[in-house]
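What follows is a pair of complexes built around subunit A, which joins subunit B in one and subunit C in the other.
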Partner chain A sequence: MNKTALIIGSGTCAKDLAETLAASGVSVLVAGVDGCAPAWGPGRTPNEASALLEIMDGAKIRFITGTAGGFTVEFADQDRRIRREVRDILIAEDPVPQVNGSLYGLTEGAGVVSLSAFKSMLNPDSGNSEAFESLSRVAFLTGALDESLPLIARDVMQAALDLQQNKGVQAYIFTGNLKVAGQGLETLSRNAKEAGVIFIKNTERPPEIVQAGDESITITYPDEVLRRPSVLNPDLTVVDETPLPSPRLKTLGDLFELETGPDGFLQADNIHRLLTFTNRKGIRVVGPARGVFPPVLIASEIAHTALSLSRTKDAETDEKNKARIETGKCVRCLTCVRICPYRAVALAPRPVIAAAACEGCGICAAECPCEAIAFDTFPSTATTGAVEPESEAGGNRSGASDFIPHVTVFCCSRSAVPARNMARAMNGGFPEGLSFIDVPCAGAVSRLHLLNALSNGADGVLVVGCHPDNCHSGGGTLLARGRSDGLKMLLPRLGVAHDRLAFKNLAANMGAEFSQVLEAFMAHLESLGPNPMK
Partner chain B sequence: MENQSVIALNALDHGRCRPWPFLQDFCLTCGICAGACPASGVDGFDPRKLVRMISLGMEDETVSERWPWICTMCGKCANLCPMEIDIPGLVQKIRSRRRREEVPGILHKGLEAALETGNNLRLPKDDYVFILEDVAEEIAAEPGFEGFTVPIDKTGARILTTIHNKLVNTHTEDLKHWWKIFHAAGEDWTVPSENWEGTNWGYFTGDDAAMKTMTSRIAGHMERLEIDTLLWPE
Partner chain C sequence: MAQNRVLVVGSGIAGLTAALDLAEAGVFVDVIDQYAFPGGQGIRLSCKATDTCVKCGACGVDDRLGNALKHPHIRLMTGSGIQDVRKDNGFNVRIRQAPGFVDPNRCDDCGICLSACPVEGGILQGTSGHHRPFYAVNESACLYVKDKSCTACRDACPTGAIDLDAAEKTESIHAGAMIVAAGFSIHSPFEKPYGYGVFPNVMTSPEVETVLKRRARLVRPSDQSEPDRVAFIQCVGSRDAKLNHLWCSGYCCGFALRTARLLRHRRPQMHTTIFYIDIQTFGRTFDAFYKETRESVRLIRSIPGDIYPSENESLKITYLEPDTGETLQEDFDLVVLSVGMIPPAGLEALSKTLGLRPTPEGFLGDGNGIKPAGVFPAGAVTGPMTLAEAAAGGAGAAWQVLRYLKNSQR
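Take a look at the complex of A and B:
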């Protein structure tokens, strides 16, 4: 099986990731989505593992097909078309620093520079040492309007310390609130102070910064400790930058149909995606592609990725837990193609389940308007009614009447099932009258499941799924709640009380709550009496 | 009244007080010192402002302020400071930077007197001893304290104690409280006949040499009278 990995990125992270993977024996292709592969620098060649490292410089990615374990990438290099097969795709796109000059009302020029530009000036290789001879006071602006980013605060403090200690220049750091929650940052701030860097915090209102036509800057602010107006005319002002997700991430997100985070980075804010996973098996996002991290964390993430790849088994194609499309019933509406959170339905040209990518959540089956998709792991809509009530000893009931409600409980495998096991261990069992139907995801419970249960002997139906930000499928639990809410509105027209149907969000460790929910629901059903649909 | 004049950073040499060993540059401006200080708010000042001014190199302005002389040196600020800044040390250093003629009047005069005569009041030895024995007689007249005497310069006593000048001036009655405790406890105590001053205005005015002189005298008593425990209420 071809074990080549494709790394998409055009900066430092992609480069470091490529070298690390090649050094650990993985064949690596490196490309930029728009043709800009990372630059290894003039005269600097990749390390000795270069036999395993191929740089697709200048080649744009046109499209990608396939699924986990077997992606096909097509590149366009001017007129040439190049196709390559890869097993894994790793997105490692560096963030783009946005200079915050305009935030402070400043334009870059002789008296104002960006943090990146200043760091280059400080670099001993840059040959800029005379530039510091004419400077006696330098002001750094970071998070001056609110709070500093630890990552940027680190760079600012390091630059200020260098100035103070090695260049004999007085440094001032203006900030709204200095964040030192990061490895070594508190020590760095102390070292900077010890060397003589002056920290000025403006928490009540930002300093007034005026850039005169002749490039001279005046910073006026009320010192919040001394409660006196203060003024500084620095020889140079360094404005900080905010690392933003690269615009290439949007292109890649669209190309791969990846879940996006709230801030534009390529990973949903969902713990199931940690560390570098996405909604698509075989595609990972590394380091700056999924957030803003300090260099030490990116380095450890690269090492983790190399380890993780070396342990990834070739894609399982065991059909047992996968969706099956019955082609006779499929009308090619493409609902499954669109709704699958894992992009596991390919068009070939009719909809076909990409088994390597399918995670067996069941959402497609629930959404299919023709009931053309089936699973072996849970009953399809047509067979729900045949389930017998499970009778177990133990559990609590109010026991006020002879009527024992029959309740069908649909249990999500990641939340309700473990919670149920916990409840069983705590209480020794459940009351009579319960039937449990386990589903991989609450999203697999369709409207027909619910209606069939109600029309085939259940006095009440309960669906238990994960909390909204905790759903492995992303939106499965929300889909299930939506179906349940929609059906509750229709039930009265069938002469059925809407609260015979209930939906509950629980987590795997909520055994006590699972029991409480069941007890409360059964007590309520006792008061409602038997289902009139029976 | 709070100073409202503009601070021009360009005119300051922030390295001026950097060599001072009080860790003042580590200040986080957390304000715990200002919260604890009993003199916070007087003249619009607090320990945090003081530390900030020194960090900025505003030595001249700080030395000429009244507030460093209002500080009681209680030490609550240093006790609580998360960065372990020695604020009382800083206050003392600031006090020491003032020309001696500009030290608040009574402190400087009292110190001169103490250096020359062994007490802030220039009280002669005979008068001092007379006052002590007079108070002792009054105690001895009270029921339960028959035979009370004040031991002066007693060699080999267990405790040597000093005397604040006000206790032999305006507050002689206060001597009785703790002399009675000594008596009731059966304590073996004594006071010196000379260089008995309990305050140390060398310490108070940031005059290290004077402080050392005053302290050495007490230490001298301990050696001379062969006493190894000192009760120094000041």
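Take a look at the complex of A and C:
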């Protein structure tokens, strides 16, 4: 099977990734989504592993098909169509630095430069040393009106220290919160202060910055010690840059149906999307494609990716936990194709579960209008709610009534089950009357599961799922809540109090809350009495 | 064969991440941890979610621990430490494991041993559903271990799960490489004028995490009531020249903002105040989170001076008002000290054994120029960092180990 990895990117990150992978023995194909592959520069050929490193320059990516373990990528090179089979896809687009001049009302010019431009000036190879002879005061603006970042603060402080120590120029750093969370940053800030760099930090009252017609800059700021406004006219003002997601990421996100984070990067802000993983197995996002990270972290990601990809044996697919479509029942409405968060339903031509990509969340089974999708690992709707409550010693029960509510609790495997284990360890058990049904994701609990539980004798039904933004399936917990809320509106028409059905968000480490939620629900059901549907 | 076996020191997020990556690559991993419960410092954290997840990463540690415990290529040993190491085509490591006083097959987590034990900290309680048994005898505090003078827990245990005469175990492991993911310890702020250890309602951040985990609410140690006025003091033991702790611990601003926000969400009548120097960035949507949190949490850019006792075990905080320079005083029902990270207990001895040289600050840093072959530091033992960074560090170390093993086979 083809083991090539496709790296999509046009800049440094894609290059570093390609070189590391090729050096680890992985075949690599490098391309840019819009045809712009990284340039290795004149005289700099890809390193000695060039036999494994192929660059596809000038060809645009049109679409991909397939799934984890085997993607087909179609390129368009003018009129030619080129198809390539790859095993893994890695997206590594460099960020687009946005110079924050306009944030401060400044236009770049003779008196205002970006941080990158200034760093080049400081570079001893740039031949710019005379430029500093005419400077006596340089002001740095980073996070003075917005929030800075540790990796930017590092660059600013290093530049300021260099100016102060080596070039005899007085440096001023204007910021709000000084970012020092990072290896060596606190020491760097102290060294800079000791060398004479002046830090002006204002969070409540930011500095006023005015650029006159002749390009001279005036910065007015509250001085902490003098307790009155002070004025600075720097000879040069350096503004920082915020790394923004490349616009190519939007194209790639749409093309590959990937989750996008709130900041526009190609990874959901969800702790389950660890390191370089996305919602699609086999497709990863590296470094600046997924967020703003310091170089040392990006190096770890590249290393981790190389490790995963250089495995010679493919991970075995566990067949047990996968969805199965029963073709006799399927009416090809394509709901499963659209709803799968992992894009694991292929059309070949009828809907088929791609086992390598299926995470067994169960959302498709719950959404299928024909109940045509089954799992081996949790009950189908038909068998739910034959309520045989467990009887575990321990736990608290309020209320003196003889009525012991029978409660069916649907437990998400990632949150409720670990929380339940923790609760059991802390409290030694649960009250009588509880029946736990474990599901891979709260999104696997369908309306029929809930209704059957109630009509089969449960006095109350509780669904426990992860918090929004913490769901491994992206939106499974939201789907579950939506179904529960919708059903609660219908229950009174069946003569059932709507609060016999409850939905609760919990996390895996919330053992104490799990017990409290159960106790409160049981107490409430005791006051409601037995289910009239029984 | 040694080339396919790796020893990971430390079962926190970095060690677990490294172990899982290596295990998935077919390597056999022994993970040892000096403490009774695995999961490092991260497993002790509580969830800070309100209506949505705030991405603190705490539940991720639970998740990873669960996966590591299930993985056929990973063996986890708690209460274990390295006695000596010999280089022998890899490493011959002699490991000492503390006695297994509590039999996991008999213990049903009733907790009676904890109530029966007369020594504070003699019986330890777990913090996760993966901690089974949920209780452990603390070898260094136990009176029976010291001089056989107390058998209260064994006598009280209804299932006979406690054997105080259980023996320690030693075993030798032959590993091709080692990962040092020993994590960090917590600074104890006795030297500060905040009354820690004297006033009952002055707590550290880890103590708050434990209370939130066990009780799902924050209560005052003095009377178990929920406080109305809570102050957080940042940078206690971090960014401190007097202590020579010239680092930012990285996790504390995230802790304070997320916890303050959570407390207000659960009890809207609560007033929370954070005294800080600089608020550090955390998470991926920091700007929006910071803006939203500032609407309900008061932020004062000043680190308090002395704390005096006030009525009903409340605390009177004195501080310099940042704009006017006036000295102000204010009462709080509970004061939370966001304490910093310090190098982990036992690192000096471990470094000597393995030939590592910590930096002057005491962490392993980037090796300080000394990199003994086959030994790879990862995570917060190299320097204070967040959970996400430590996980990435573990992943990076796993990769270095694999390359090292491959090269040393030639």
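Note that in this section the second predicted complex is superposed on the first by the 454 of 534 C-alpha atoms of A that agree within 3 Å, B and C clash if a C-alpha of one lies under 4 Å from a C-alpha of the other, contacts with A are read in each partner's own complex, and residues count from 1 in each chain.
The criterion applied here is as follows: contacts are C-beta pairs under 8 Å (C-beta built on N, C-alpha and C of every residue); 3 or more make two chains touch, one makes a residue touch a chain.
All values derive from a computational prediction rather than experimental measurement.
In the superposition on chain A, no contact is made by A:Gly253 with either subunit B or subunit C.
Counting the residues of subunit A touched by each of subunit B and subunit C gives the higher count for C. Of the two partner chains, subunit B is the only one that A:Asp223 touches; subunit C does not reach it.
In the superposition on chain A, A:Val231 contacts subunit B only, with no contact to subunit C. When the two complexes are overlaid on their common chain A, residue A:Lys193 makes contact with subunit B while staying clear of subunit C. In the superposition on chain A, no contact is made by A:Pro431 with either subunit B or subunit C. In the superposition on chain A, A:Gly66 makes contact with neither subunit B nor subunit C.
In the superposition on chain A, A:Glu301 makes contact with subunit C only, not with subunit B.
Of the two partner chains placed around the shared chain by superposition, subunit B and subunit C are both touched by A:Lys201.
In the superposition on chain A, the residues of subunit A touched by subunit B in one structure and by subunit C in the other are 190, 201, 224, 227.
Interface residues of subunit A, counted against subunit C in their complex, comprise 24, 146-150, 177-187, 190, 201, 203-204, 224, 227, 261-263, 265, 269-272, 274-275, 291, 297, 299-301, 303-304, 306-308, 310-311, 313, 315, 394, 414-415, 418-426, 428, 466-470, 505-513, 516. Those residues of subunit A lying in contact with subunit B across their complex are 137, 170, 172, 190, 193-194, 196, 198, 201, 223-233. Subunit B meets subunit A in the complex at residues 2-10, 14-15, 18, 25-27, 29, 44, 48-49, 52-53, 55-56. Touching subunit A in their complex are the following residues of subunit C: 21, 24-26, 43, 45-47, 49, 51-53, 55, 57-60, 62-63, 66, 108-111, 126-132, 134, 213-216, 238-239, 241, 246-250, 253, 278-288, 290, 301, 322-323, 325, 365-366, 382-383, 385-386, 389, 391-393, 395-396, 398-400, 402-403.
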